[in-house]
Amino acid sequence: MIKAGIIGATGYAGGELVRLLLGHRDAKIVWYGSRSYIDKKYAEVYQNMFQLVEDVCRDDNMEQLADEVDVIFTATPQGLCASLVNEEILSKTKVIDLSADFRIKDVKVYEEWYKLEHKAPQFLDEAVYGLCEINREAVKQARLVANPGCYPTCSTLSIYPLLKEGIIDGNTVIIDAKSGTSGAGRGAKVDNLYCEVNENIKAYGVASHRHTPEIEEQLGYAAGYPMHINFTPHLVPMNRGILITAYASLKKDVTEEEVRAIYNKYYAKEKFVRVLENGACPQTRWVEGSNFVDVNFKIDPRTNRIIMMGAMDNLVKGAAGQAVQNMNLMFGLPEDEGLRMAPVFP
Amino acid sequence: MIKAGIIGATGYAGGELVRLLLGHRDAKIVWYGSRSYIDKKYAEVYQNMFQLVEDVCRDDNMEQLADEVDVIFTATPQGLCASLVNEEILSKTKVIDLSADFRIKDVKVYEEWYKLEHKAPQFLDEAVYGLCEINREAVKQARLVANPGCYPTCSTLSIYPLLKEGIIDGNTVIIDAKSGTSGAGRGAKVDNLYCEVNENIKAYGVASHRHTPEIEEQLGYAAGYPMHINFTPHLVPMNRGILITAYASLKKDVTEEEVRAIYNKYYAKEKFVRVLENGACPQTRWVEGSNFVDVNFKIDPRTNRIIMMGAMDNLVKGAAGQAVQNMNLMFGLPEDEGLRMAPVFP
Amino acid sequence: MIKAGIIGATGYAGGELVRLLLGHRDAKIVWYGSRSYIDKKYAEVYQNMFQLVEDVCRDDNMEQLADEVDVIFTATPQGLCASLVNEEILSKTKVIDLSADFRIKDVKVYEEWYKLEHKAPQFLDEAVYGLCEINREAVKQARLVANPGCYPTCSTLSIYPLLKEGIIDGNTVIIDAKSGTSGAGRGAKVDNLYCEVNENIKAYGVASHRHTPEIEEQLGYAAGYPMHINFTPHLVPMNRGILITAYASLKKDVTEEEVRAIYNKYYAKEKFVRVLENGACPQTRWVEGSNFVDVNFKIDPRTNRIIMMGAMDNLVKGAAGQAVQNMNLMFGLPEDEGLRMAPVFP
Amino acid sequence: MIKAGIIGATGYAGGELVRLLLGHRDAKIVWYGSRSYIDKKYAEVYQNMFQLVEDVCRDDNMEQLADEVDVIFTATPQGLCASLVNEEILSKTKVIDLSADFRIKDVKVYEEWYKLEHKAPQFLDEAVYGLCEINREAVKQARLVANPGCYPTCSTLSIYPLLKEGIIDGNTVIIDAKSGTSGAGRGAKVDNLYCEVNENIKAYGVASHRHTPEIEEQLGYAAGYPMHINFTPHLVPMNRGILITAYASLKKDVTEEEVRAIYNKYYAKEKFVRVLENGACPQTRWVEGSNFVDVNFKIDPRTNRIIMMGAMDNLVKGAAGQAVQNMNLMFGLPEDEGLRMAPVFP
């Protein structure tokens, strides 16, 4: 039985980790870290866990955690994990960081977009970008996994095969993304109040969102050349779900069958990526609560562009589910342990 | 492995049955019945099941089903199950009816409230009202289970102990209920369109809703005398969830501790009924996706009344989850098999 | 042209006042008070007012306001208006207080329920409870109007006629109320975040909500005796709207026609109270954005109770709209000036 | 007083027309046409109009209408207006068609995208495309106005100035659009049920939506050359609102100030187009219920593209409000008569 500790267990991603690990046969949570609610019963913060979790919230003592647990999940603000991790900790336990601290290999890019000094750049090389479908073998060997961002997960999985196969021109990629509000976190801000979000849609972080360089880096690996893309996230009045609609110019004449064959080449054996059938559009309602990413595409011969679409649950495949998937790989468990639940609809 | 057939698999309750049974270790669905979508792939109707369910929808041949399955779930409009069931079918297979056909013992009451002729009154005596927490032993022996209505489940479990113990006056009971929109079904009606339901709350079926006699019958068993209550359901702009707020006059001076002791007497050992702690109000968000019913109460000394509250997911404990719980009991399985998932939040 | 000052112009009720007064032919706002946003352009806080309002937010100097304006609206937390108002101010200007400070005549009741010391009890006698349909003549003469609470407005108008005419027993009145989330204000609290409110319904303030004594006082005037009621508010995932469902025992045999005649006796000539036709339930969607209260009822002969229902927009008739209606009365204007807009649907 | 007749008064756009015209000083509705509800009281279909509209719904006799009214609004499915209009009708009355029948000048394009035979191509030349800000003078002279589609209105107004001034390359334009659900109409379809739309976002009509050629035609006039664009609409769980996020490559080096100056050149004097301040993103909540279109932009030097954004209420500026604006122009009234209401928030 894997002993897991969560730092940041009372955020939305942390709460989802708790939900998923409660259903995991080979892992148990022994540390519910939450600076905001120290000594408060976890089930008083998340009343859905009443009678399921008896623990109280604790501070985030990473040294002690390293002695007591097999894996630490950090579901915390940017900068925290980098400020706490060190060689001794990594020699004792595995770390899966749900923040952005170890996702971007170039420390200058990180510091420019996140406006933070990176406190542990020495681990950037070692850290594995935990997009399981693409870096599976590396994840298995990792001590430190950078769990991908929500938008980058959905974007990369939707676009990667076509870039890798040279079908589309990387410098024409435009990603228009839409996210449910849980992606904005549980902080008490006026902008995230019910009446401000409900009956509204808006773009935010236009041409400046911090997931941009993360997506560019991952897509760049596929393309084989540096990429600059447009990425525009939008806030949607719903709890969960991310939909990305991506546009790119085709570099060659391809048929729908050929494109479908490419997606299938990469994903036919993947449990969590579903290439939808001809004509079906990914929709967030069909993946809610599950670890699936649904992808599909449409060729537009009028403009010689292809529209690529992907949908997933931002809290599952976009955060906690992918973290569990990474843990499974790191500990040699079936990759889908704890993640076999069907999507919840409606 | 129990072979299950579902008649009405493409309604919301039927869809939820599919979701739950996919996660059940000892049951598998072998018949996806749906008159509206015969020969269509189930996963094209409910795209969340893409790659999880390969079956096509079939007509509702109950004779054939009886030969092929161990249990038939009827998640169908009122009247259908009664028109199809017969001794031969019941001799071969178990039936769990999610409609109202066998919930009310008095055929006249049924026919008056449902405006239907009952086609199989001969089975009314035999049918067991499948409110597991109250009729557990009878359910274990049953061939035909009447799966309780959503409002009656939540109402009865919230009020039953206090009536049974003679704390409240049955003739003062008023139940003000609120339900998410999945309770209205998947029929294409203007009243259930997004723009009609969103940003709105309304009462409906005032003093005439068909769950009234069902609640009265069940509460009457607890009280030991016939009851007439007020029951007012409301439609709430959310997908899932039922909340009931019930009012009754106290028959004696009781303290909060005494009332809590009564609830605990009935529910402390129950897996799916959670008596919340002092001061906590049941909320639908804390039970969503799970089989829990959360209950609590507040004494109002100013009016000498008690306010009883209950929250549950109408599609789980209010329909498909309770049906699976009944199946588990009928087949000698652990009562919570397939129902151990934690509530999903947010 | 009436010059109006608003203290608390950046809360939801204050924002609605701005919207309504912008459409008022005989009033203009000359002071946008907001402690939180002093010196910030109002239209940067409420971007809907871009190019419609050029003013910046100002502090809440009531003395200066009294010199500069004809009427002050205080849309502020409890206690503030009472702490600022004095004889000199009232001698210069009229005050319409949207908080609870002057709604309850008995200072002890106020202090007990609001846990506040009342700073200006000397004006309680003078203050007029601004429920226009009931206190119209007094409002016309008033210097200081206590604008009624949202729940009390909807509750009182729905129940008043039947109590006044002695049809129902006041001590059996139970009010189950449901409100949209704008009623919870614009403060940055976790409980009011989108993801906490969406897909949820809950009761709150059970047997302890501060609108209870206000309702009891007003209904007591109708009944002619002191009343103790049950009042349970619920939070609904929608922006606007209040629905109340009230229950009471009938004191005499009445027909539907007789009850309807009573409602019509009180409301047939009222512009803002609509007695719906037989069988129609009040719904919040049909009054949104308007100053209407829709009321109706249903007699339940099985329990000898009557169910009374009322729906209105909590920010209009429940706050800003009624405040404008009061202003119109106080200044001798047509009562519906600035309030003639039809409800917005969907 | 202008006498107006509405054909299709019980759809969402028709209902909004009623709301707006009730607040119009110089127009009154004398004919509420609705095939679905003939002889039913209009206020029974739209209960918000109870006591405001006493009329019953009538069939759509256009000949009779032409004799009785000054202007006919057709808020009807595609094809109907073209099948009814003729020279005699146009000689007697003005027609404002909210359907697509007269929006596209090339009948072949219309027939290809709409899969309909055009029944009145002889009026295509005469019909004026009623985008008031661009075709104001022509509208004033028109007998037959083609009221623009919702997406085309928002898209064209957001992009037009930059194309007209040659700042962007028309063949790089990609429009990613998001709409509230009222845009899907009031037909009883499973896809538009509350539970299907809520907690979901999806693209639809990808590379095939019928507003594409309409946008291309209008933008083509600005560009001076034929355009082929990508247009992808999405369905958002909210009642009202359209947001468009458009991307295009810059043809020259421009500063933010220069681009802003261009927008101001076209819109500074427009009442209904608001060019937001630097950094502010258009949001649907800030225009709801009003006739405003909010536009803004962001230059992305990393990709040499510009992101153009526009938000409006699809039922007002995107349908009924623009129709009233057209009517005002056609009858020589102030352009904003009946349209001066501030946006409703929250």
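Worth a mention:
Labels for the chains are A, B, C and D, by order of writing; each one numbers its residues from 1.
The rule is short, and it goes like this: contacts are C-beta pairs under 8 Å (C-beta built on N, C-alpha and C of every residue); 3 or more make two chains touch, one makes a residue touch a chain.
What you see is a predicted model; the values in this text were computed from it and never measured.
By the document's definition of touch, common neighbours of subunit A and subunit B comprise C, D. A comparison of the B-C and A-C interfaces places the larger number of contacting C-beta pairs at B-C.
Centre-to-centre separation between subunit C and subunit D, using Cα means, comes to 36 Å.
In terms of their C-alpha centroids, the spacing between subunit A and subunit C amounts to 46 Å.
For this pair, subunit B with subunit C, the centres built from the Cα atoms lie 38 Å apart. Annotation for subunit D: residues 12, 182, 195-196, 198-199, 237-240, 283, 285, 288, 346 touch two or more other chains. Across the complex, subunit B is touched by residues 171, 174, 176, 178, 180, 195-196, 198-204, 206-207, 228-230, 232, 234, 236-241, 243, 245, 247, 281-285, 288, 298-300, 302-303, 305, 307, 309, 311, 346 of subunit C. By the touch criterion given at the top, residues 12, 181-182, 186, 188-190, 192-199, 237-239 of subunit A touch subunit C in their complex. Touching subunit D in their complex are the following residues of subunit C: 12, 15, 18-19, 22-23, 46-52, 182, 199, 239-240, 274, 276-277, 280, 283, 285-290, 294, 340-346.
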